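Consider the two complexes below, in which subunit A is the common component and subunit B and subunit C are the respective partners.
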Partner chain A sequence: MPELADICNVFLLRDYNTRLVVICTVLLGCACGLMGGFLLLRKRSLMGDTLSHATLPGVGLSFILAVALGGDGKSLPILLVGAAITGVIGCAAVLFIREQTRIKDDAAMGIVLSVFFGAGIAILGAIQTMPEGSAAGLESFIYGKTASMVMSDFQILVFVTTCVITCSLLLFKELRLLCFDETFAAALGWPVKFLDILLLALITAVTVAGLQAVGLILIIAFLITPAAAARFWTHQLDRMLVLSALIGGASGWLGASLSAFIPRLPAGAVIVLVAALFFVVSLLIGTERGVIVRFLRQSQLKKRMGRQHLLRALYEILEGGRVTEELNIRTVPFRQIRGRRTWSDTQLRDYIRHAYNDGLVEAPNKVDSILLTKTGLAEAAQVTRNHRLWEMYLIEYADVAPSRVDRDADMVEHVLGEKMVTRLENKLRAYRSAGSLVPQSPHPIHPGD
Partner chain B sequence: MEWHGIDTWIVIIGALAAGACALLGNFLVLRKMSMMGDAISHAVLPGLAIAFMVTGARASLSMFIGAAIVGVLTAVFTQWISRFGKVDEGASMGIVFTTLFALGLLLIVLGADHVDLDPSCVLYGAIELTPLDVVWRPTLFGCFLEVPRAAFVLVGVVLLNTVFIVAFFKELRISSFDAELATAMGIYSKLMHYLLMTLVAVTTVACFEVVGSIIVIAMLIVPAATAHLLTDRLWLMVVLSVLVAIGSAVLGHLSALIVPAWFGFADTSTSGMMAVIAGLIFSIVALFAPKYGVLPRLVRKTETVR
Partner chain C sequence: MSSESDLLIQVEQTGSSSKSLPLTIRDLTVAYHRKPVIWDIDLSIPEGKLVSVVGPNGAGKSTLIKACLDLIPRASGEVSIYGQSYKKRRKRVGYVPQRESVDWDFPVSALDVVAMGTYGKLGWFRRVSKRSKALSMEALERVGLADYAHRQISQLSGGQQQRTFLARALVQDADIYFMDEPFAAVDAATERAIVELLKELQKRGKTVLVVHHDLATVPQYFDWTVLLNMRVVAAGPTDEVFTRENLRRTYGGKLTLFTQAANEVVQSR
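Let's look at the complex of A and B:
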């Protein structure tokens, strides 16, 4: 087991080599997280996958070219440029196939990915037979060498990360519109194509810079996982991007540190797993779209809808088809409520129990019949009123037939806010039956027995 | 160029692997899940590692089972994440396969003393070496044959996939084009989906053991997409895709021997060249296919305008 002092050393970046590795992965995590956010919203998450595979032939070709011209085949800038060029060509090919043929997005990405990668393997295979200059190490361009990064990697990553952050800050407004409504941006006269290409160029830069540092799988994961995790916490693009960059950076830091003090642990794999952990936690407890929050929200809405359906059913039964100032307040037998809607006995009993607990109904003679309490009656009147206001609005402004309006209003009435109700009231003032709190139903009410 | 008996076997094995993948690829392409092949071929790594750790041998059967289980799990997890988390399907696929691949890598590295698997071999394969693993030496028509193990495995997979497609052709067709209609007609389209995923996983493992995952991905997608541009009939698409796959295997190996010589190299990887040839065939078809090709459509468009 590593000792506490070692752990401190690693996490506080005291050791030179660890410091370099950790800082590099954190930088890369931030840059990828940021770009991944845009990719996710454009539904192009797997573009990183395609792009990173498509860089391989570029690496091989630039090596051959450099050697043929008598230069150093393994000079990093040449390889990077080669990788970027075929990466961009690969992206362009995906866009071309998608736009110009009947082949869909997914197959276009798969075609480009496999064919380019195959070409890369073929080129590397040929290079291996070259008499001059060994090609050994070119493959690590794709698989990365996380644990043995050097100063030049750091410089490249700092440069790319700065570029990415500056561009996203300067073009935030434009990129946001591009993500959410491309056609609208085009209609506004913005250079959508240029923005799209710029975004792809930034992603290519991040991918190429990261590939030779940390390898293919980590780059793909970095471009997808932090952004998807951040999406669970917020609906705001700026917050999501910041969070995504933070999650990317944090996974880089934790993963690289962990792998530093446990021997033989491959850093790239550990970082991917840490990021996946972040994702799973966010998936469960994310405050905006997390599974638990959405489940709670849904069950609450269901409960509220059940309660409102029950109250309106009771009110309409009491009304008995006539609108009077004085309702005939009486106990209503269970069977009669049961016939009002398509609900099962268990559902209905559930709703009644909840309403009983909230003091909306009571059961005075303990048999299968219930009575609305005073608060229950007030709320029932309110619910029925909202329903009818909406019905009248639909009839008046949306030309829905009175016989159909009940079903249509049924879905919306539960989410009418106070503001909306006031607006409806103002619009429908002329149609309100004077003096009565609850307007008359615009259609005959089904008796329900 | 010199042609040896071994080259014949490489072509046969390549064609078998390509055909097996292309058969299933048609349905992946039609279901818009082409990247599933990529995802599964990366994700089966932990299945292989665990199967190896449990049984302690590189026995094909346990590997198959391990990989098939993880392959199906990949499909299941992807579906869960995109349904319950409301995550884009591509993104959830990416998360699942990178995570599983990382897990597999970790298992292999941590169990390095027990696990004798080379991740890069999984990705590249070694088709050039497969004919050396000979298991059967029959004499047919006076010829002395050396049948490699890989040929047996792949013939089995091709038969399995063919039987699956023939037996469930109607179900596969309806559920590929309209999953809801299929469900309404009483076809259990979810079952078809997971059966297909299982077969993709099994095929992937069988193939990349011998030819590398890059051929698997290329042959799952490219021949089917090519055939999709040529015809609207499903059975014809399946036949055409297999032909394209076999064609790329033959031409791929030939060009692996010939093309590098033009540039002064000795030779190169057959797997890589097979993918390249498939890509070339696709490009030609995408440009010139009579009905859906780019150029014929352009011509028709200008004629209409005029």
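Let's look at the complex of A and C:
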């Protein structure tokens, strides 16, 4: 086991051996997170996957070419340029198949991805048989090999990250328009093709720069996962992109540091797993669309509806079909409320318990009857009134109503305006002679059992 | 012979006077996958009209609009807007695409979407200014969505989303508007709001071309109508063009499947 001091040194970038690698992966993570956001929203996630797989033949071919010309086959810039070229050719092939044939996107990408990857494997195999091939080590591009990262990787990553951040800042407006509504962008005269190519170029740059670190199979996860995770936290694109870049950077930092302690644990895989962990956590507790937030909102709504149903049921029972100036609070048999709606005993008892906690009904000491408190009666009257006003509104203005009805609103007046409410109240009052605070229901109410 | 030459002169005259017309289309043909979708479209729209483009599904209504805005390649023909190509007149044109053409789950607010209408006059790299934001807010107010400005767009109802798109076209501050089915699947309140907006635009001298589906409301909403079924069946003032005979020629047997109301509307006039 590594000692605590060692662990601290690695995480805090004090360890010379791992510092470069960790900085590189952090930079890559930021760039990936940023570009992944656009890729995700442009709905090109699989295109990124095609791109990365299509880089492999480029790596092999540029190695062969470099050796044939008597150069250094392992020169990183040459390999990466080759990777970028075939990567772009792969994307172009997808676009060509999509536009010239009737084959759909997913099939076109599936074909291109596997064919290019297959070609890459075959070329690497051929290189193994070359006399210079033994020293190639080109397989590191497939799974990534952070330990092999050197100063030139760092320089490339700094350059790519700077480009990506600068472009995102300068072209934020343009890229957002492109991703949201490309037809409208074109109608406004923005060069949609050029912007698309620029975005693709940036993504290619990030992908190629990341080959050494996480490898071409996993890079897509590093692009998409932080962006997808960020989407759970915000509804604003700028915030989402910043968050995505942060999650990407954090994944790179944690992943690379962790893999530094555990020998033979490939950094690429650990980085992607850390990013996945961020994703799962975001999916659960994301404040805008996390699963738990959604569940809480749903159950809160259910609880509120239940409480309103209970109060209205009680009120209508007390009303007893007749309308009097003032309602007298009296105990209502459980059985009778139970009969008013299709709720189960447990549900109803739950609602009653919540109502008791809120001081709306008296202590349910006798299990079989419920007694409203004064506050309870006031709220029940309010709930019933609002409900009837909404009902009346729907009846009277059926054509415009559905988009405006907000049954849950405590103050109908806020949504419909005082005038409309007065009109509705008068309408409801017309159903009967005597006046009271709560107008009569526009339809007959069936008393419970 | 003489009547034919008269006609020729007439054509030439309309040709020369059409320089200032908001929209003139000559001999337009558009083809997808070797199959022409619309062909030989000749059309002149006078200034200040509310124009409905109606026709059966697949008649090429959206294609016509997209070809006018240079969004799809033309096989032949030309479109001129105020006597010039679209490219030169872009800033005088507003566009409302079909609502389904975008992903409403996109992380932007209604205000952000409306502000996109100002991007056409905004150069590269420039940020949306406070003034554009104020204009966008104003447009949202005009479509009755001021309270929803900061809502994420997926939290809007279908009608509200449609009105957001309309507000975006409003901030384009154009002279001619192209709207692709703004009335599709909206609630009655939105329909009413859109109609009011159209009338208001007309009052201010704007020309509006609307792809429309509901035959029953055509005479009520629009004073100019283009009946389209791959080619222009008839175009002109709604009073003259919207006849049972023309509708039959546009929709063929399909009209019986269409609304009874449309028939009644035609009959009642």
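One rule holds in what follows: the second predicted complex is superposed on the first by the 289 of 449 C-alpha atoms of A that agree within 3 Å, B and C clash if a C-alpha of one lies under 4 Å from a C-alpha of the other, contacts with A are read in each partner's own complex, and residues count from 1 in each chain.
Keep in mind that, in the parts below, a residue touches a chain if its C-beta (ideal position, glycine included) is under 8 Å from a C-beta of that chain, and two chains touch if they have at least 3 such contacts.
Since we're looking at a predicted model, the values are computed, not measured.
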{"item": "First (subunit B), second (subunit C), both or neither touched by A:Phe232", "value": "first"}
{"item": "Which of subunit B and subunit C A:Val150 touches, first, second, both or neither", "value": "neither"}
{"item": "First (subunit B), second (subunit C), both or neither touched by A:Val270", "value": "first"}
{"item": "Subunit B versus subunit C as contact partner of A:Val81, first or second or both or neither", "value": "neither"}
{"item": "Touched partner set for A:Gly189, first subunit B, second subunit C, both or neither", "value": "second"}
{"item": "Touched partner set for A:Leu296, first subunit B, second subunit C, both or neither", "value": "neither"}
{"item": "Partner chain(s) touched by A:Leu65 [first = subunit B, second = subunit C, both, neither]", "value": "neither"}
{"item": "In the superposition, subunit B vs subunit C on subunit A residues touched", "value": "B"}
{"item": "Partner chain(s) touched by A:Ala107 [first = subunit B, second = subunit C, both, neither]", "value": "first"}
{"item": "Subunit B versus subunit C as contact partner of A:Glu174, first or second or both or neither", "value": "second"}
{"item": "Contact residues of subunit A, present in both the subunit B and the subunit C interface", "value": "43, 231"}
{"item": "Sites on subunit C touched by subunit A in the complex", "value": "66, 69-71, 87, 90, 93, 95, 97, 101-103, 106-109, 112-113, 116, 119-120, 122, 124-128, 152, 157, 159-160, 168, 187-190, 192"}
{"item": "Subunit C-touching residues of subunit A, taken from the complex the two chains share", "value": "41, 43, 170-171, 173-174, 176-177, 179-181, 183-190, 231, 234-237, 240, 399-400, 402-404"}
{"item": "Residues on subunit B engaged by subunit A in the complex (per definition of touch)", "value": "29, 32-35, 37-38, 42, 81, 84-88, 90-95, 98-99, 101-103, 105-106, 109-110, 112, 120, 124, 214-215, 217-218, 220-222, 224-225, 228-229, 256, 260, 263, 265-269, 271-276, 278-279, 282, 286, 292-294"}
{"item": "Subunit B-touching residues of subunit A, taken from the complex the two chains share", "value": "40, 43-46, 48-49, 97, 100-107, 109-111, 113-127, 129-130, 139, 143, 217-218, 220-221, 223-225, 227-228, 231-232, 264-266, 268-270, 272-273, 276, 279, 283, 289, 291, 294"}
